[in-house]
């Protein structure tokens, strides 16, 4: 095989990985602050994908344009879910939170099944088959837009946490729960905001994923798993780590598909996860606790 | 042994349990095949819940990948039977051996490298997913196209080869559940049970009173794996087919932990009650939907999810500890 | 008489910071030995090295002439060292009796035997009447005694106590002192305690080691040590304490 193919596949893996990384970023932000493992993450992703599909099918609205509105819808959803459903579970044991979020996942996945049925849906834009030529590389246009948008959204979120007062308050909450309460921060509200922001990442990522891959209602668990893998590989709670983890996993999956067989790429992904868990449990970009 | 079994069970509870057990023994004479299959499903979940509960309820290690033991157990016994004519009763030993080996590897890696809490849960998922994809490509056992056991006519039951009617599987599943409850009861009241609970409560403090926590955690994983693999053997011979995408899937791992958490983690009766309630609920919903003439795929599951959500919100410790208090029973629920 | 515990030239550094610096001392069989010193003197690090939580960077720790440094906490406990935690760590969901049974099972294989032994220990510590309660529901003084009961139930040769008096009121402190004295006298139990409450140290200890910046600055009988110039300057302050 010519080297061009490797490069093309690698670039494609990087771009897809960025979108998955954005989805995983949502999980990382939620866990890093609220300390709840969102087992309904993948289902929320599929909800966002269906939103993009419906908006495109009925109103012809491009998912790339609808990325922010969909993120907004997911934000409200995430905010409400944390505020009224998850918040009472904050101090409960992990397995209790787990059951709650599994219940949410069951409801979302089957709700989608009721509304949309079991068939796969997708978005066919006018530029679906466009590509750029960069030297010897042929880069898929859709993936390029999606990857760039993922970086933009992640950068915006990063700036929010770094430079705004609200973002600083949320980081204070994550570092020291009791301390944050003592200085009078409204912790439940900040938690809800964080969950909303995490869900907004999922919304944006879901809109772009609708461009890249077909969606069916039972797709949720595999997205949840993928998000876990990326976040742990990149380092739980590390924002750049989530994107980098996404890129790494995206490239590994693409290369495994090229060298071995596409259906077995999950094995390589999980092998990386196991190695990271054993030898660098804080993740590639995480700091040791 | 027998003495210890009944020594600390209160009279009334013993009576209630005996009546309950007798009813279950005679049920097949009155029940139709549908009710029987529902009860088999309930016992399947009660049994696997009991096995999983050893790890989570007794030792506090959250496994979300128990499907790997179901799958390994099922495939091992099924292959030995179909390819070599070996009875599933003997195949069960091979199944347990393989599951024990697999559990030991997972446990060894996790506990040696101090992978704990959520990370441990993810590690168990990773292994199950690994097995799922691996078996998808394992052509010797049919790969993703699945593995099928030879199906005989159902006119007579052959216990030795586990080919037969639902009533045989009913008693088999009932027997497995009873055996699991007795085994768990004996273990939790023994030295190992005390050590497990100490590790669950505070691992560092457990180490400080001399408990080799690595060894006892590993023991819990291995016992739980062996027991779960038997459920896999049952699964294979009851359904007569195995698909990697199904037996190893994360959904299988999740469904088998719902009953013990719903019923009451760390208790003996919780997983059983949980299995009755959850499976009962699911089947009632199916029947109700059918009676109402509603045929919307997913509607039943949405309702099921809502019920799960409501109960876990209102009764965070599970149904059995709550019921136990309501019944005015003293001490800790078992 | 050879020492039950001997700490030889033991050091521990954390990222270049010396927590314990070439420390030497011996605790004889039947002694009550106290380690005192200001916060940050390295007492807890020393304690954790003896208990096996940390491994020393240099030197050796021996119990009855057998090296124990490098062993894990559970191995050290099985060799005969019982410990308490500064911030008590009962097994919260277990009963008081259950907590002690766990420890008693270390050298007993039958639960019935362990229960009998736990009963004895609980009686000694005035906890027998509360044996059926959940450990999480106990008051702090009771939890401190439960912590002690659990350590005792492992049949230790050496008992390590990490600030068992902290947070107790004077009457409770006296009660704890009386219990420990009794254990030392009746069974000849060797006790090493890290303590801030000087009143308890003076009443209990036969020997005192004073640590400062990871090193020993004085060692001797309690009334000698509190008159030591270096000790007064570094730790006790100028005013008389006793």
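All chains are identified by letter, namely A, B and C, in their written order; residue positions are counted from 1 within each chain.
As a convention for this text, contacts are C-beta pairs under 8 Å (C-beta built on N, C-alpha and C of every residue); 3 or more make two chains touch, one makes a residue touch a chain.
Being a predicted model, the structure only gives us computed values, none of them experimental.
For the pair chain A and chain B, there is no chain touching both partners.
With centres defined by CA atoms alone, the chain at the far end from chain C is A. One simple way to say how far apart two chains are is to compare their mean CA positions; for chain A and chain B this gives 32 Å. In terms of their C-alpha centroids, the spacing between chain B and chain C amounts to 44 Å.
Here the CA centre of chain A is 50 Å from the CA centre of chain C.
Of all residues in chain A, those touching chain B in their complex are 37, 85, 88-89, 92, 94-96, 98-100, 102-107, 109-114, 117-118, 217, 221, 225, 228-229, 232, 261, 263-264, 266-267, 270-271, 273-274, 277-279, 281.
Taken in their complex, chain B has these residues touching chain C: 189-191, 194-195, 197-198, 201-202, 204-213, 331-332. On the chain C side of its complex with chain B, the touching residues are 51, 72-75, 77-78, 82-83, 85, 89-95, 98, 101-103, 105-106, 109-111, 114, 132, 150-151, 153-154. Those residues of chain B whose C-beta lies close enough to touch chain A in the complex are 56, 62, 109, 113-115, 117-119, 122-123, 125-127, 129-130, 133-134, 136-137, 144, 249-251, 254, 258, 261-262, 265, 296-302, 304-306, 308-309, 312-313, 316.
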